[in-house]
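Next up: the structures, one after another.
Okay, so chain A shows up in both of these, paired with chain B first and chain C after.
Up next is the complex of A and B:
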C-alpha cells in the first residue's frame, strides 16, 4: 500500500513499547492527535502525504474547491512561463487533475481518493505535480532560496537533482516552498531521539496565513506520515490515564 | 500502430483506454514525429509494442560528428514516466565520445539519478544531441574496456561516477 488506513495513535504506542524516549513523545503526541495515516517510505512520503491530506481536506471543505481549481490553473501558467516543457506540464497537470477532481464530490469521494492514491501511476502523478510546483516556487524566488543551498549548488541544480526527480527526500526547503506556493498552512510534528520533552511543532504558514493548519504531518527521521488532530473536546481518559501520569512531569 | 491493452488488471475503473503510460508514449511519439529536434528522425511506426523505440540521429553540422549516423534505442517500462527509459546507442556506429561506452551505454545523469517525469523522450534526445555537439575530442571513456567487460546489460543498473557528488 502507498497510503494506509487511518489508525489510532495507540498503534504507535505499541510500536515503541520499551523505548522510553519515543514512548514519552508518542504519549505527548496522543494528547493532541487522535490518529495517524502511514505513507510508504519511498522518498516521496512528504509529497504523497501532503497531497492526500490536502485533497482529503478539500473533500471535507468543498467551498474551497473552486479556489483550488483557480490556483491549479495559475500553477500551470507559472510552469509554462518558467519554460518547463509544455508537453510534460500538460501531462502532469492532467494526471494530477484527474485525482484532484475527486474532491469535487465532497466527503463521499474520500473512499475513491484512498483507492486512487493506492494506484501507483495516479498517486505518482500527484507526487510529480507537487514536485513541479515546488520547483517553480524555488526558481521564482531564487533570490531568497539560494541562501539555503548547500555544497555550492545553485537553485536550478537543486531543483533538477532533489526536487523534480521522484524518490528524493524532502526537507524544510521543500515544505516551505510548497506551503507558500499553494498557500496552505502545514504543521509538522518532529519526533526524534533528542532529549527535548514532547513533540515540537514547526509551522509553515503559506503566504503568511496565520490560522489553523490545514495539513498535519508527523516527521520521524527520514519519514513523514499524516496526523489527524483530536476534536476540540479532548477525551480525558484516552490512552489510559495511568501511563500518562507516570511519564509526564 | 497497434497498442496492447491487456495489462489492466487492477484499476479498471479509472483507466478506460489503454494504460496511461502507453497513452503518454503515444502522444510523445506523435509530437516527436511532428517536431523532431535537429538531426533526429523518428519513424511513427515503432512496431507492435510501444515499449521499444528506435530513433535515428545525425551528427550536427560544424561538430565532430558531422554527417555521422547513429541509432538510439529507448526501452520503457509500465512505470514510465516515473521510471526513466533505458537509453543506449545500438547498431554499427557507436559515437566515440568521453561519455559513451563502446557497448552503447551512455553516462548521462538524467537517464538515471536525475530523471524526472517532467522530462521526455524529446528532452533526452536534445540532451544527447547537445552532449555530442559540445564534444571537443573524440575519445572513449578512460575505463571503457573494463566497463564493457563487467557491466550489466541494462545501463540503469550501473552506479555511474556522477553519483559521487550526491551520495
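Up next is the complex of A and C:
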C-alpha cells in the first residue's frame, strides 16, 4: 500500500512501548492529534502525504476547489514560462488533474481518492506534479533559495538532482517552497531523539498568511506521515486531554 | 488495456512523429507499445558521423515516473556504453525525471556520442583511448560505423 488507512494514534503508542524518549513524545502528540495515516517510505512520502492530505481537505471544503483549479492553471503557465518542456508539463498536469478532479465530488469522493492514491501510476503523477511545482518555485525565487544550498550546488542543480527526480527525499527547502507555491499552510510535527520534551511544531505559512494549518504531517527522521488533529468539540480524548493545535507551540 | 503509461507512450509516439528531432527516430514495435525500436544517426563532425545506430527502449507501467531501459543493439565503442549496449547516462539513472520524454532521451544519447564523459567510464578501453590516443579511438569508432551499415 502506498497510503494506509487512518488509524488511531494509540497504535503509535504501542509501537514505542519501552522506548522512553519516543513514548513521552507520542503521548504528547496524542494530546493534539487523533489519528495518523501512514505513507510508504519510498522517498516520495512528503509529496504523496501532502498531496493526499491536501486533496482530502479539498474534498471536505469544496468551496476552495474553484480557487484550487485557478492556481493549477496558473502553475502550468508558470512552468511553461520557465521553459519546462510543454509536452511533459501538460502530461504531468493532466495526470495530476485527473486525480485532483475527484475533490470536486466532495466528501463522497474520499474513498475514490484513497483508491487512486494506491494506484502507483496515478499516485506518482501527483508526486511528480508537486515536485515540478517546487522546482518552479525554487527557480523563480532563486535569489532567496540560493542561500540555502549546500556543497556549492546551484539552485538549478538542486532541482535536477533532488527535486524533479522521483524517490529523492524532501527537507525544509522543499516544504517551504511547496507551501509558498500553493499558498497552503503546513504544520510539521518533529519527533526525534532530541531531549526536547514534546513534539515541536514547525509551521510553513504559505505566502505569509498566518492561518490554521491545512495539512499536518508527522516527521520522524527520514519519513513523513499524515496527522489528523483532534477536533475542539470532541471533548476529552482517550488520554483525557484535548488541546487541539494549542498556539503555545 | 489502457493504462497511464500506455496512454503517455501513445502521446510520446505522436509527438515524435509530428515534431521529429534531427537525427533520431523511434517507434513502438508492432505488437507491444512498451518496447520501442529507435535509430540514432551519428552526429556530424564526430567519428560517429554516417553511422546508423539501432537501440531498443523498454518501458514499464511506471513510465514516465521511472525511466525506460535503453540499450544499443548496434555494436558501439564509446566510453559510456557497456559491452552489452547498456548506456551510462545520468538522466537514464539518478537524474531521471518525468519531464523527459522519448524525444529528450534520444537527443540526450545523441549528444553523448558527441561529448563522451570519460570520467565515468562504462568501457574503460574506450575512455582511455579517448583521453590518450584520440587517433586510435576514432579508428575503433569508425569500425562500429562501418558495422552499423551491415546490422
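Keep this in mind: the second predicted complex is superposed on the first by the 234 of 249 C-alpha atoms of A that agree within 3 Å, B and C clash if a C-alpha of one lies under 4 Å from a C-alpha of the other, contacts with A are read in each partner's own complex, and residues count from 1 in each chain.
Convention: a contact is a pair of C-beta atoms (placed from the backbone, for glycine too) under 8 Å apart; a residue touches a chain by one contact, two chains touch by 3 or more.
Computed from a predicted model, the values in this text were never measured in an experiment.
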Exercise. Overlaying the two complexes on chain A, which is it for chain B and chain C: clash or fit?
Worked result: clash
Problem set entry | Which of chain B and chain C A:116 touches, first, second, both or neither | first
For this session: Check whether A:132 is in contact with chain B, with chain C, with both or with neither, and answer first, second, both or neither.
Result: both
For this session: In the overlay, answer first, second, both or neither for which of chain B and chain C A:92 touches.
Result: both
For this session: Mind working out whether A:84 is in touch with chain B, chain C, both or neither, as first, second, both or neither?
Result: both
For this session: Considering only the touch criterion stated at the top, classify A:178 as touching first (chain B), second (chain C), both, or neither.
Result: neither
Exercise. Between chain B (first) and chain C (second), which does A:164 come into contact with in this model arrangement: first, second, both, or neither?
Worked result: both
Seminar exercise, completed: chain A positions within both the chain B interface and the chain C interface are 84-85, 87-89, 91-92, 95, 120-122, 124, 128, 131-132, 160-161, 164-166
Exercise. Can you list the residues on chain A that touch chain B in the complex?
Worked result: 84-85, 87-89, 91-92, 95, 98, 115-116, 119-122, 124, 128, 131-132, 135, 160-161, 164-166
Exercise. Hey, which residues of chain B end up touching chain A in the complex?
Worked result: 10-11, 13-14, 19-21, 24, 27-28, 31, 79, 81-82, 109, 113-120, 122-123, 166
Seminar exercise, completed: Within the complex, chain C is touched by chain A residues 84-85, 87-89, 91-92, 95, 120-122, 124-125, 127-128, 131-132, 160-161, 164-166
Problem set entry | Residues of chain C touching chain A in the complex | 3-5, 8, 11, 15, 61-62, 64-66, 94-101, 103-104
